[in-house]
């Protein structure tokens, strides 16, 4: 093992730089070089590489984002190409293999979510030595207890809830916070409990608007003239569709036309006369310095990936299980999305506290 | 002077509790009682009063919001009343005077913005002893250099810009942050400079979209593949209208249909092919603990208002001018909105740094 | 089960109020009353009780400290008493049992560390129905993976390291941060990794000053003119003594005469001519709002303790093991202190990154 | 004007990088080059220069510290030299002039406090074109209303007070926070008011310990079993000496043997039996990202200094007066230290609130 390559794919999240730093520092300790690939698999196709020295990763631990850049449109197996001026997908995967070979890369460390790890798996099946490092701010990746960046996003959402509390109290209003989570409600659940929300709406539990309104009205009867609702962007009404589903069918951009938060606000005002305001946390959840938890987890992932490479174990993803970092087959990690199970202990505890889930 | 009443009106902002605390503590030092009025002038109409002791204000200094509550629909001169089941405005100002008299209130301290201070002025003209304390998160109140809460809102917006920077860099995108400022661009200007924005759009300078796009493109030519735009919610295109104007004509709710940030994003993508994301900071700017600057300013306003009352000077607003807290006629404070002048030193300095204002 | 009592003992830490809130809210859901005991076991001896309603715990989730108060000098089995004007310890444990009985308390929930849980265990052995909830900011309690408050303390220490980094870089200095951890180095280890420290000194690994100085000098040779050292307060030189040991023998107050951080600074300057500055984080680690992680963990502990009480399982402590909250015998929890094992995965990862532990 | 040089001298403080960035960006707008001088005047003596391009200052706005480095031992008029192996001061000022000349530097922008600006003044008197930019975290520089970094330090100290509040309340203790301010009590005064301290001790008002203890005892009588004291490091007892004075006479290092905070704690415990804990904030006040206020002020200082240079006005310092950045003679700025006057409005307001100053 002489040289490792590393790339970051998909949406950015706090801790990417911490992983890159850990990879470079621990590889350096073993006398192994590291080559950075720019903008995810795009750089692998285009041979856009940059050597990463200790100096390059000095001071990046606290910084959000990724020094390597990232993109969502970089699938080498269907690479956006313009042969005749019209964009069409082309299989450029062989170029990737060749570029890595030409640069004496022995193995690839791919930091990414569902999408990037699927691509990584395809390359593994083509014989490339690949190790995956799990990244999704939504925490919805199978086989790992937690992905880095998630806990920082929860902090961010909880701090937003703290802020909304003071303004909700002062104005006697319903305040909705829409957080990330297209398919899984992890951020909404954790931030909702941490931020003391009154109602938590997640994709896994289609909500009955009557129940939500009733909960707000019951609080009002007890003298609490405000309520806080946290809604995952993928929350959906009973019998209705997720925003993602509507998007896929009708090509609606949820950001511009208003997501689920805006819909709930409109519905609460129109059908129940409840003065409601909505805040969409959006990209603020991805940015900023990782918290200590995520820096530690990122560092552990980075060193564990280098260890796996040095021990010659490929086609795997490093994963947190309990207190240990283990290795799981890449295939296993990308097979399904990890949803919040209805018997999740925190969900159950939240119900015990009287939190409303709309069901 | 035996008893003062205090109310908070209009939108909440960080520092309201700090003002209330300073009023109660300094009044207590002079042996003067304080009566709290709930939910702005609504409580004055409805005689919803609560005595404020030292104990009631203990621990509220760091807390956002207002322990007294506030509302926007409380004008006693046009009080929303339902005599026959239909809401119609009724002049209940005499009730206010009577309620205050019945409760032995010697003078009223009104903490509020343009709207509340206008009402306060009308009461002053009816003979009530009134002192105003300037509050507007937008900082657009005349006669005072700064309103409390503004600096905390600027911190919040700047921290959001810091977060967006890391994600913009990683993804090579244009990121727009929409901040408060319906008529005046103070938050956008200060946060834009503090957060190192590339483009700042404020109501006072109608923007030419070509200039904005050109600025983004010039940065890309210099190798900077991302740009950060901060836009006041009242920003408007050259020859176009402010969102507020459109709202007032067509009764459009900007929150639900998308404000100026969403419009700029759409325009940059459609007309210039620039991948753009928008974040609306919204109520997050109002919430949370006031920073040290605002706690100090709030405390000074509170003690200065009590001093004015004890010295028998009424019909005035306490105001910050340079380093001093002075007293200005209430009339003067509500006559106009304080816009960002085109020769504002920070605006000029920002241009010197190469920031684009769209003109 | 009709009525539970709850107390908080020992040093305060972020999350105590979140536990109390969870207990009251979930007990209320089951129709069970909660009685608060003031200042740890002192209140149990003195019958200083206060009923806790939903209203009493409203808004306390984000607040540091404990609304019940706490103290370190409250052991009912050796209660400080002044019968003849001289303080001497008296066994007042029977008073506690009687006071609880007189107030119809069915079971006691004791939130505390080693000391308080030992007392709780003694009461369990006397027949009291007791459930322990683990609290120690040092995270050194056996049988539980993590105590609440620890992760917030790590955040605080990491933020301090971030700050010291910028000043160390600017001045080309060695900066030492002394953090909590009298017997175990958990905070130092986690914060050190999260804050990118160069040297981490923990009680479990006696340090050789030569190794520390060498590490600083090697960095200087590589052009890095500053180094950051994080030291647990219980760190000790090879062959030397912990500050705690010196204290116990000589009754030295480490806070006033300077702890281990000051000693290392002095030694590095005198023996190696390295300009060094020390910061003692102290009580700042205990204060402030708990982060999201600790709010979630505290909430889970609180509901789990109520669940255990309702299921009639006493003499246990609720504990985090992996992802589950389990129940362990109180005896097991207080038998030993949980030290950082030398094969701890994070310790090993930190060594891989090139961090120096002084051995 | 073709080329400016810039240096940062003395202790670091938040905003130094923001000033450097503003200088480089605005100079670039005028087609003027900027040369960075490393480690204050040391780099000027040693010709340790580095050209500063737009790229060098990209991303440094939020970062604490100074990319140029700084030192306190760099006076070119008494430069520490080792001609025969023994350190002795040598006048190397001519080397500075020659180095600047050889590098075609037209004017020097010196960012520094009392010490650095005194050196700058001496160079101005030797004919060098110099402009000073005021920097002192203590805010004790004459002729300017505020120095950058001060407001961030106040935020840091206020946040520490917020943390100590929760722990003081829980434990019924006196908590002391020692903050910066060797000669002037600005940080203690502002942070004390913002953090709701009960007692504020500043160098300008020698304290009577009886008054301090009485204030704590009076609070206890009113049921408040804790008190918060904020003390400037230069606070001194009536008839006693400042720590600085003791240091200068006896060469005592206050950091290692305990500063004024430790002394007050000891005195309160010994003479009044008050359980007291002390926290020394120390270098944490210098580090970290500048807040929005300081970023704006730093940016204004930087552009104003370049403007002055282009307009050919030298031997001056840029200064904030009211809302304007003005130019004052360097001589005026370094003549005296700006102490807190006893009729300072905030001091008076704080007394009105019942805060104790020990007199």
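As written, the chains take the letters A, B, C and D, and residue 1 is the first residue of each chain.
In the analysis below, a residue touches a chain if its C-beta (ideal position, glycine included) is under 8 Å from a C-beta of that chain, and two chains touch if they have at least 3 such contacts.
Just so it is clear, the structure is predicted and the values come from calculations on it, not from any experiment.
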Path length in the contact graph (chain B to chain D, fewest steps): 1
Any chain in contact with chain A as well as chain B: none
Whole-Å separation of chain centres (CA-atom averages), chain C against chain D: 34
Where chain A and chain D are represented by their mean Cα positions, the distance between them in whole Å: 42
Whole-Å separation of chain centres (CA-atom averages), chain A against chain C: 32
Multi-chain contact sites of chain D, meaning residues that touch two or more partners: 162, 165
Touching chain combinations (by label order): A-B, A-C, B-D, C-D
Residue ranges of chain C in contact with chain A within the complex: 22, 25-26, 28-29, 54, 58-59, 61-62, 145, 151, 154-155, 157-158, 162, 165, 190-191, 193-196, 222, 224, 289, 291-293, 295-296, 299-300, 303-304, 306-307, 322-325, 345-346, 349-350, 352-354
Residue numbers on chain D that touch chain C, as the complex places them: 8, 11-12, 16, 39, 63-66, 69-71, 159-160, 162-167, 169-172, 175, 255-258, 262, 265-266, 277-280, 282-284, 286-288
